[in-house]
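Both complexes below contain chain A, partnered by chain B and then by chain C.
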Partner chain A sequence: MTAPDNSSSQEPKDGEELRIGVFVCRCGTNIAGFLDTETVREYAQTLPGVVFAKENLFTCSEAGVSEIKRGIEENRLNRVVVAACTPRTHEPLFRATCEEAGLNPFLFEFVNIREQCSWVHKSARDSATNKAKDLVRMGVARAALLEAQTEIRSPVVASALIIGGGIAGLSAALSLAKRGFEVKLVEKKEEMGGMLRFLGRIYPADVDAREIVSARIEEAANHPNIEIFTSTQVSDLRGYIGNYTATLRGPEDRSEGITVGVIIVATGIRALVPEGLYGYDGRRVVTQIQFEQELRKGGDLPHQVVFIQCVGSRNRERVYCSRICCMTAVRQALMLKEKTPSAGVHILYRDLQCYGVEFEELLRKAKKVGVRFVAFREENPPVVDDGSVTVISDVLGSELTVPADRVVLSTALLPDESGAATSKLLKVPVDADGFFLEAHVKLRPLDFATEGIFVCGACRWPCTVSESIAQALGAAGRASVYLAAGEVAVEPIVAVLFDEDKCRGCGLCASLCPYSAIEMVETDSGTKARMISVACKGCGVCASTCYRRVIRMEHYSDEQMQAQISACLKGS
Partner chain B sequence: MCAGRVDTVHLIHPFLEGADGVFVGSCLAGECHYDTGNSQAVGRVRLVRIILESAGLDGRRLAMKMMSSAEGPKFVEYVTRFVQDLKEVGPLGVIEGITGEDLRIKLTAALRAVEGEKVRWVAGKRYEFTETGNLYGETFTDHEIGRMFREIVADECDLQEMLLRLGKEAMTARDLAARMKTSPPVIVRRLSDLLRLRMVEMSDGEGAPLWKAT
Partner chain C sequence: MLDAGRHPNINILAYSEIAGVSGQAGSFTVQVRRKARYVKEDICNACGDCVAKCPGKAPDSFDMGLRNRKSIYLYFAQGIPAVMTIDAEHCRFFTKGKCRVCEKTCVKGAIDFDQQDEMVEIHAGAIILATGLDLYDAGRFPQYGYGRLPNVITGLEYERLINATGPTGGHLLRPSDQKPAEKVAYVQCVGSRDLNHCSYCSSVCCMYAIKDAMLAREHDPNSRSYIFHTDLRNVGKGFRNYERRGAEEYEIEYIRGRVAEIQEDEDHNPILWYEDTEKREVRNLQVDMAVLAVAATPSRGANALSELLGIEQNESGFLKVDGTAPVDTTVPGIFACGFALGPRDIPESVASASAAACRVAESLGYS
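Our next item is the complex of A and B:
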């Protein structure tokens, strides 16, 4: 078939003559060893708009960079194309080179003829040369349509909102406050402190949980940079990184608006109430938290105690392991043995999760002082009777009945009930179990994908106090990067609504945007989309979704991409 | 650039420029660097495949595969297989028996359809319909969505094709039906809809009225 006639003009938009310079890198032998760079250069010289083409031994070297600069100056280039390696490593350098020579860095186009050509076609010199010509032709076609862009900058309010006043939220608050940033710490309960308010001596440090947390509460309450809101929840949130406005709903439904630059989520965990499981009654059959109170009071302790692990967890409903309940059971068993050495303690488990040096040590100690461990299988759960528990030991393969005047259920730990609401409000994701989901499990463990919102503590996954604090300090560190900079800079590869009149305010773009970078606003001419450029990551989902076709991706416009595709199909 | 940036327009445009096939590569399912862009691309690729098929073209001309950036060999395997498939199918329009001006018109009609609001709207809503539910909380299965797409899209492509053909020359409903290989009654019904929308006009011809796009 014949191609339609769409010979695009070779004039940049403002009417000036197009003067493209192409630099072909030999990369030593990395490129030149497998394709003919001189042929590629000669070919580039013939392409529409190209006024200058040069081969470099290494374009990224001092010499190469100054050749680009000289090329720009001597030939009044207004577009630069480098055919070399990958933008991943070298785009910043060449953009900066253009800028130094007085050319807007976004009038630069990178063509990869190494990773995408010479390296993968090492035994086909002629085809590799032809492909490099194709790639250069495509790059030149795109370069012709590039437009100057300016970096987007937006101020960051030097204040943080921290949601959750447990040990994680408190630690993050203090860390930020001590660096001189203002903190608004919001706790939904009347009292601060979270789970630690209900615990006694905790491990591995063997310190009193209430003491640690009270000290921090006091320090936070007295810190001039920290404002504490108890019995308060965030009821509305608007804005974007650097400039969030939150509505706080406090006691007696009083509302207050605050403005912050960043947000840290530290909403913690709760324990499953094992209603209907193993004869739970809160007296004879209790939870770990209830037994913690008994240990703390330190009166008459039961003599025969049986712990049952994985209650309501690692089953079909909740497949995950709550991670810290084995350690808690071992700790509570040891504390009991310390007080009553003659006490009989059995821990009935499926698998033991006692990670880290300290907790492994704890486990050894427990075994040494005579705590008995009996493994069972999920399909043969223990049976709790009056005064005893019967279990089929997975090791012995036979039934075992152990005396019990107290049964402690190590129940699943769940995210706070408010998780779903918080997730919706902040537009940050939770996983299938309701725990918050970080941006990247390895590389960005404390960030959400949405810039400016961070996560720490047990709301991410059940964890110990030291892990909570470590994460809190990390999250505060991440947050302070933005707070200290005072502004955020964004690559101007963002979505723009270029014809607001045509926008019908359907809101599809806003609902699909993974970064909450589009808000729907009321204007005199109806509901319209508004792009929040600082929050935009340039993925382009909105542009390809807009049914009115009024969203453009800067630097990756339809015209630029189609010019590249057309050039590809035209053949040399 | 995310696969989510790939517009239905980008998928049809290359065919008009002479491509015999289009391949879309994206991140693995559930591992989109931009959250859900790849699964949205899946929807658009499906939609365009439906459009190509309804234009009488072989659906194998459009392929999408998911892979991670660490899976070079997989990329090679997928592309090699795609190229083999394309070699079997041959140059655009030949095995399909649609060539020359007919092919141009069909593809232009398809492009107009995906540039148009109606098809873009359903394409955009697909995600909502299948994932989050419509206004009434109903979600649809892929099968149901496929059927709905097929109807809306085939309608729209036919409409655009009629307008394109009638834009070139005035002709009778019978001639138009013959060129489009559909039945005259269907064409007549569509023409009367278009007449009401003032998108076509009618003039006296010899024996039968002549239609022309306005």
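Our next item is the complex of A and C:
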């Protein structure tokens, strides 16, 4: 492999003389204990463009930072390279140091000779020293081509669009409205309230579901900062964080345009209708939601009830566990026993998912009042007959027939049908089961990767009412960070379309961008890509796939990376 | 942790305890006891020269006591703030009156043997409690032999053994003879879902046992894992798929049944006695190591802190909340998040943390 000769590009573009300063950190013994920092410093001094090189005991200390500042001033440095630890911890400090000394912070280059060198080559001092020299040479080569950058700022409209008027959407709306932000709450059904409209008493809150949702609907309807749109769907969405324009299509196909700064998705769930499973007929064999209505109405309740868990879930077709159906079954069993203490109740389950404190307590209570629990295996599902259910007990190992004048099927919970359309419209992903996919499954559960769009409630994953409210508050809090700031600031490491004439408008970049930061626009000279800098995360997918090669990554340009690679291959 | 450490609006007071609180929502005054580290926080930069020279030794609490550290130490490599602490209980100077090697070694002059606990007063409009969890005492289950049988360890000890920065460099070496542990049994619900100990489900142990077993197999293709569970609980996003992958790709054996007793043979191999519910007979399984999924409890300081703040706890010691206001404690202006509110996994903890921050903003009228 031959390395391209990039020596000609080592001149600053505007003709000013290149004056690079290199600071090599000993980091006490963390670096100097395992490689020869003085040798690295001497070597740095010989590199093209370097006019000053210094060794520091700790570059990050007060002393080290003032040595950088003095170095910049006394030697008129216009590029600074620090060879030390990791940018994750110390880049902000060194960038700020450059800025304080009058140098644009993006003319700073960090070389990691600790985590990526001294710490991992503790028993090879000479090789570690040579590797540090290679790394410094690469850093200097890139530094020579660095350009000054300025932070990108963009205003944020102090208004939120919330999609879904269930308990999650309502809770998020009220939180934002109370803090003075304007909310547009969109519900596709004629009535707000979502799933909770069908439920009775819920745990662990121990309140009537309709009461809490009604109270919130009333509060939202009367709140001056909340505008509610029922029987309405979002039909079009354009724009980016801080400045979205949505078209809402309401009753009789009336359309209305709104402008918002952020979006919260709370489209909820539905229960699987178990057509063809266990003799489901909606009368004798019913779903949990149907049984909930029966319990609520009171009157003549069935005397022998059998619950069958995992109907349509935890199987080949739908692998996942719907999280809350075990608890619902236990709760409904308790409600029945409360009304008819002599009723016989059997819950046929695979693994009882009563996690945490309150639901385990609920389970104990149910056992105490005589609810019977029978475990079965996936390969031996219960058989529903007229007036009875037969199951092979996993514990007894034998067949058991229990009387049943009502069979309740605890069916899988699925994302609401509108989820797919919302996903497409907002360009936010769903997982294999159709639930919305957050930016990071552990650390950013309420954010989408696209900045400015958030998710909460059961559309993310089935959850209890308490969990849903907590997520709604969390999403509202996350969204409010942008609304309160009034603007969004972005590091200027973004993609730039530097030659629009050459762009053919193929749209590959826009379709691959994971952050919806590129839109295709019609211009006089045809379709062109337009970069939305404020939404760009600088990942580089667009630049590396653009076959016209007209997208540049600021601060990580092809020339900069090439220079670094060439310097690596060149050897010392 | 890094982001918090360098955020200009966040002031971290580590190695500190709440000593008193007065006032009410919108205007609290909090007394914080900053415990003496005997190291000046503003000067020390954790270079480690003192640690290299320190002659004292103490069990490494971060590594669950599986190895020793020096008497002057950094709690763990990535800890924030990155500042040394002297363990006065094990320091030669504090116990024998002679040494001061660290003081002589430190070129920055960061050691201060005269440092005293210091009281700091903070004024705050709202308070968030995120006190987390501790593990229940594994020694309270004589039938499992923890502390008596060397190769019976807790889940957290396992985490240190399989960790590349841990005492064995990430090799799963069992404590009795430092030989690789290939056959590993995981015993679930040790203290959880047990009226004699913790009545609740700790909610995270089933999943971490599966993860631990997968890590073992990734480390050693000969590894075999057996998870003894009550109900296998996997209600989180993608969890059930993970469980299936455990069985299909990592050959984990899931066995329904509580382990009755653990004994050992002359080579310290644990022998687990359990009921095979499928064959309905009592069987035993000899393994190289057994890992106990000990119940997770509210953090040890939770009771005292709750009393100090006047907030209510539930019967299990977790902070009491109303299900429709899931991060509000029983005292206005004091909010909570994470495991302090009850067992939950990382995503639920993070979501509740955002919720608590949101409630603070609401309560202080930030817009």
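Throughout what follows, the second predicted complex is superposed on the first by the 564 of 572 C-alpha atoms of A that agree within 3 Å, B and C clash if a C-alpha of one lies under 4 Å from a C-alpha of the other, contacts with A are read in each partner's own complex, and residues count from 1 in each chain.
Note that a contact is a pair of C-beta atoms (placed from the backbone, for glycine too) under 8 Å apart; a residue touches a chain by one contact, two chains touch by 3 or more.
Just so it is clear, the structure is predicted and the values come from calculations on it, not from any experiment.
Superposition of the two structures on chain A shows chain C fitting alongside chain B with no clash. When the two structures are aligned on the shared chain, A:540 is found in touch with chain B, with no touch to chain C.
Rounded to the nearest 10, the angle at the Cα centre of chain A between the centres of chain B and chain C is 110 degrees. In the superposed model, A:449 lies in contact with chain B only, and not with chain C.
Counting the residues of chain A touched by each of chain B and chain C gives the higher count for C.
Contact with chain C, but none with chain B, is seen for A:364 once the two complexes are overlaid on the shared chain.
When the two complexes are overlaid on their common chain A, residue A:507 makes contact with neither chain B nor chain C. Contacts of A:279 after superposition: neither chain B nor chain C is touched.
By the document's definition of touching, of the two partners only chain C reaches A:61; chain B does not.
Judged by the touch definition given at the top, the superposed model places A:561 against chain B, while chain C stays out of reach. By the document's definition of touching, neither partner reaches A:250: not chain B, not chain C. With chain A used as the common frame, chain B approaches chain C to a shortest CA-CA distance of 9 Å.
Touched by chain B in one complex and by chain C in the other is not one residue of chain A. Chain A meets chain B in the complex at residues 1-4, 449, 508, 511-512, 514, 537, 539-541, 543-549, 553, 556, 558, 561-562, 565-566, 569-570. Contact residues on chain A toward chain C in their complex (touch as defined above): 27-30, 57-58, 60-61, 88-89, 92, 175, 178-181, 202-207, 212, 314, 319-321, 323-324, 351-361, 364, 375, 394-395, 397, 431, 435, 438, 441-446, 456, 460-461, 464-467, 469-478, 480, 484.
By the touch rule above, chain C contacts chain A in their complex via residues 2, 6, 45, 47-49, 52, 107, 193, 199-201, 203, 231-241, 244, 256, 277-278, 280, 314, 316, 318, 322-327, 342-344, 346-348, 350-355, 357-359, 361-362, 365-367.
Within the complex formed with chain A, the chain B residues making contact are 1-2, 4-10, 13-14, 16-19, 34-37, 40, 44, 92-93, 99-100, 103-104, 115, 117, 120-121, 123-125, 127-128.
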